[in-house]
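Shared chain: chain A. Partners: chain B in the first complex, chain C in the second.
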Partner chain A sequence: MVETQRKMSEPPQPTDSHNAQAQKSEVSKKSLKKKVEVLLKAAGDAPIMMRKKWQVDGSKQVAYIIEFIKKYIKCEPQDSLFVYVGQCFAPTPDQTLQNLYDCFGADGKLVLHYCKTQAWG
Partner chain B sequence: MAEDREVLRYIWDGRLPVCFNLSSDEVVTVEQPDPYYLLVPRLSYLTLVTDKVQRHFQRAISNESVDEMWFEYDGQPLKWHYPIGVLFDLHGSSASLPWNLTVHFQRFPESEVMRCPGKEAIEAHFMSAVKEADNLKHRSQVINAMQKKDHKQLWLGLSNDKFEQFWAVNRRLMERTGDDPYFKFIPFRIFQSDKQFIQELFRPVNENGEQHTLGDLLHEFVPEVFTSGSTVIDNEWRVVIQGIEPPLETPIHWISEHFSHPDNFLYVVIVRVV
Partner chain C sequence: MWKTGILSYEAFEHDLLDFLERAKKVGDPWNLEYAKGRRKVKYLTKPQVQLGLHKASEEEADTTEDTNWGVEEDDDDCVQSEHQESGVNRVFLKYEYHVIYSVSYSVPVLYFTASRQDGKLVGLEEVWENVPDVYRERLEHEKWTFLTQQEHPYLGVPFYQLHPCHTADMMKRVSSVTEQQGTHSSANYLVTWLSTVGPVVGLNIPTGYSL
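Coming up: the complex of A and B.
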């Protein structure tokens, strides 16, 4: 899996769906080193990503994942990219993926929708 | 819903005297500009209440290298997207009043502070937080049942400092839905300086149906503030919400209803006593 990974500066790592690392457990809950499984889904006119599931260091912030998606789908630097949780709200850019996973994750993963225009307000 | 209306009013009326000074190395006029004093609402946002500050200092800076205005306290760039009261409790509560902030128009700290391109950005940020909070409290049922004009009323109430206008809508976000006498989860964030804030799921009641208290919340997420093996906060720490230190036995649901910021999040600030 890792060989097929695109080389980017410190990229999130692709993941297998049966990877159990993202399972929530009392012990690892507070560890910032834990990886979070993130599922990235395109919305509106945003290009889809060939690989949608990624393992990301839970201490990374939303701003980081936004930059990652922008690079991956080759956004122009001036383009906006919006990320939403639960097709409901845009998380604050300095929120960590771990916090989001703990509050809004389900079935071992955090689903984020991204689009190039504001979708859910 | 929230019943102790006087408490809500008291929280709403919280003000902070701030003295703004232009960063001395950015002054290009022979005469130093006077400091600018403002009494700002604790519940508001820095970039929402500082148009006058910007105009006041505009005359004293170079027109060429002007960037977006930003604020600093004691070397710490301030994130405008958290309420002013939270910023003060976190960074400035040991300072004397007025709170002395330094104003900058150069070298915007990109890596630490998000840019604020205008009032729309503040509104979008605010509404997102309200939606996030309602997702935790009511699985988004209340916010989704509202109309666009209700959302607008929340924002206008906050930005124009109109208590009645804001609470006419916000009371619905503080109501319980269906038969459940409590919120599903308490929308809270625990802030400590130099640390990422904590936000996790926390129910207002335990398995036995008893209400969780502020002390329970702290035990769960920041046990290090307690003197080991006790239920007393160590002398080293202060736990501040809306500028005060509420008793630890206060039910967390009541605190959430009454001490939350307009974005519907409860901000708990842990400060080390110096």
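Coming up: the complex of A and C.
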């Protein structure tokens, strides 16, 4: 079931967090399409994801990640999903991942905590 | 930190002052206000002018509903979008956001009001229309419960209120993030909460608040 979920329109590239991969990302940083290594962590009672590390195009926005997680963990339409960085800060959905990485990234990756709530307000 | 998701007034005041400090650094025009009366209850206000959507004519508008509801801050096309083909106009709306502590819910509550340039208040329908696309699908499910128009607790005039009954529950879930990171001391309830719920009504909290 998880396998089918991975097949999104533009699936993020898998990472093996080996040296070769790290070097590769160093090189790709110089090219136009920068990839950002994103680590997704569940907060509250949100379901965890089988795979936590993803390489995502840096120009993608937070809204894209939110949609991606929602599909991956099969959120109901009435659930809201929020993403947090750093000290519990929710970036606006139009923020790009590259920007966030520049502000909050550490050790070559950007840690995002996601949290599911059932109601708004 | 706020493991229970709720906040005492003293804790609210503490975070409020910290929030103001951060706002000053970022250059965000938040002001401190005091409620009239014996107890000098503190609350926050922020004026903001932004581009909003306004239906050119209500009869025509029905046919064009889904197409042109966008995010409000598209500076690039504000000039030529004076009158878009779809019959949707962009107008300047004057927002005023208030952050007020609710004694009954023990959480801060976001109040806001919006008016046009001629001073006319913006109706509920139009507030819904100005919700950014990313939240739209989600909010269709509870259109009627997330916003309430009610009396401002200190000013006595009508304001929209982002309903507080789920705030504590949401913050309780989020509080586990600070535990995972061990950053208890620097987290601010108001920053976390406002950055989560603010964007839905056009209130953005810049990244600088968290740096």
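In this section, the second predicted complex is superposed on the first by the 97 of 121 C-alpha atoms of A that agree within 3 Å, B and C clash if a C-alpha of one lies under 4 Å from a C-alpha of the other, contacts with A are read in each partner's own complex, and residues count from 1 in each chain.
Operating definition for what follows: a residue touches a chain if its C-beta (ideal position, glycine included) is under 8 Å from a C-beta of that chain, and two chains touch if they have at least 3 such contacts.
Just so we're clear, the structure is a prediction, and the values are computed from it rather than from any experiment.
By the document's definition of touching, of the two partners only chain B reaches A:Ser59; chain C does not. Contacts of A:Pro77 after superposition: chain C is touched, whereas chain B is not reached.
Judged by the touch definition given at the top, the superposed model places A:Gly86 against both chain B and chain C. Residue by residue along chain A, chain B and chain C are tallied for touches, and C comes out ahead. In the superposition on chain A, A:Thr96 makes contact with chain B only, not with chain C.
Where the contact sets of chain A with chain B and with chain C meet, they give residues 63, 85-86, 88-95, 99, 103-104, 118, 120-121. The residues of chain B lying in touch with chain A in their complex are 79, 81, 114, 124-125, 127-129, 131-132, 135-136, 140, 151, 185, 196-201.
For chain C in complex with chain A, the touching residues are 71, 132, 134, 137-139, 141-142, 145-147, 162-167, 169-170, 172-178, 180-181, 183, 186-188, 191-192, 195-197, 199-200, 204-205, 207, 209-211.
Interface of chain A with chain C (complex): residues 41, 43-46, 63, 66, 77-78, 80, 82, 84-95, 99-100, 103-104, 113, 115-121. Residues 29, 32, 59, 63, 85-86, 88-96, 99, 102-104, 118, 120-121 of chain A are the ones that touch chain B when the two sit in their complex.
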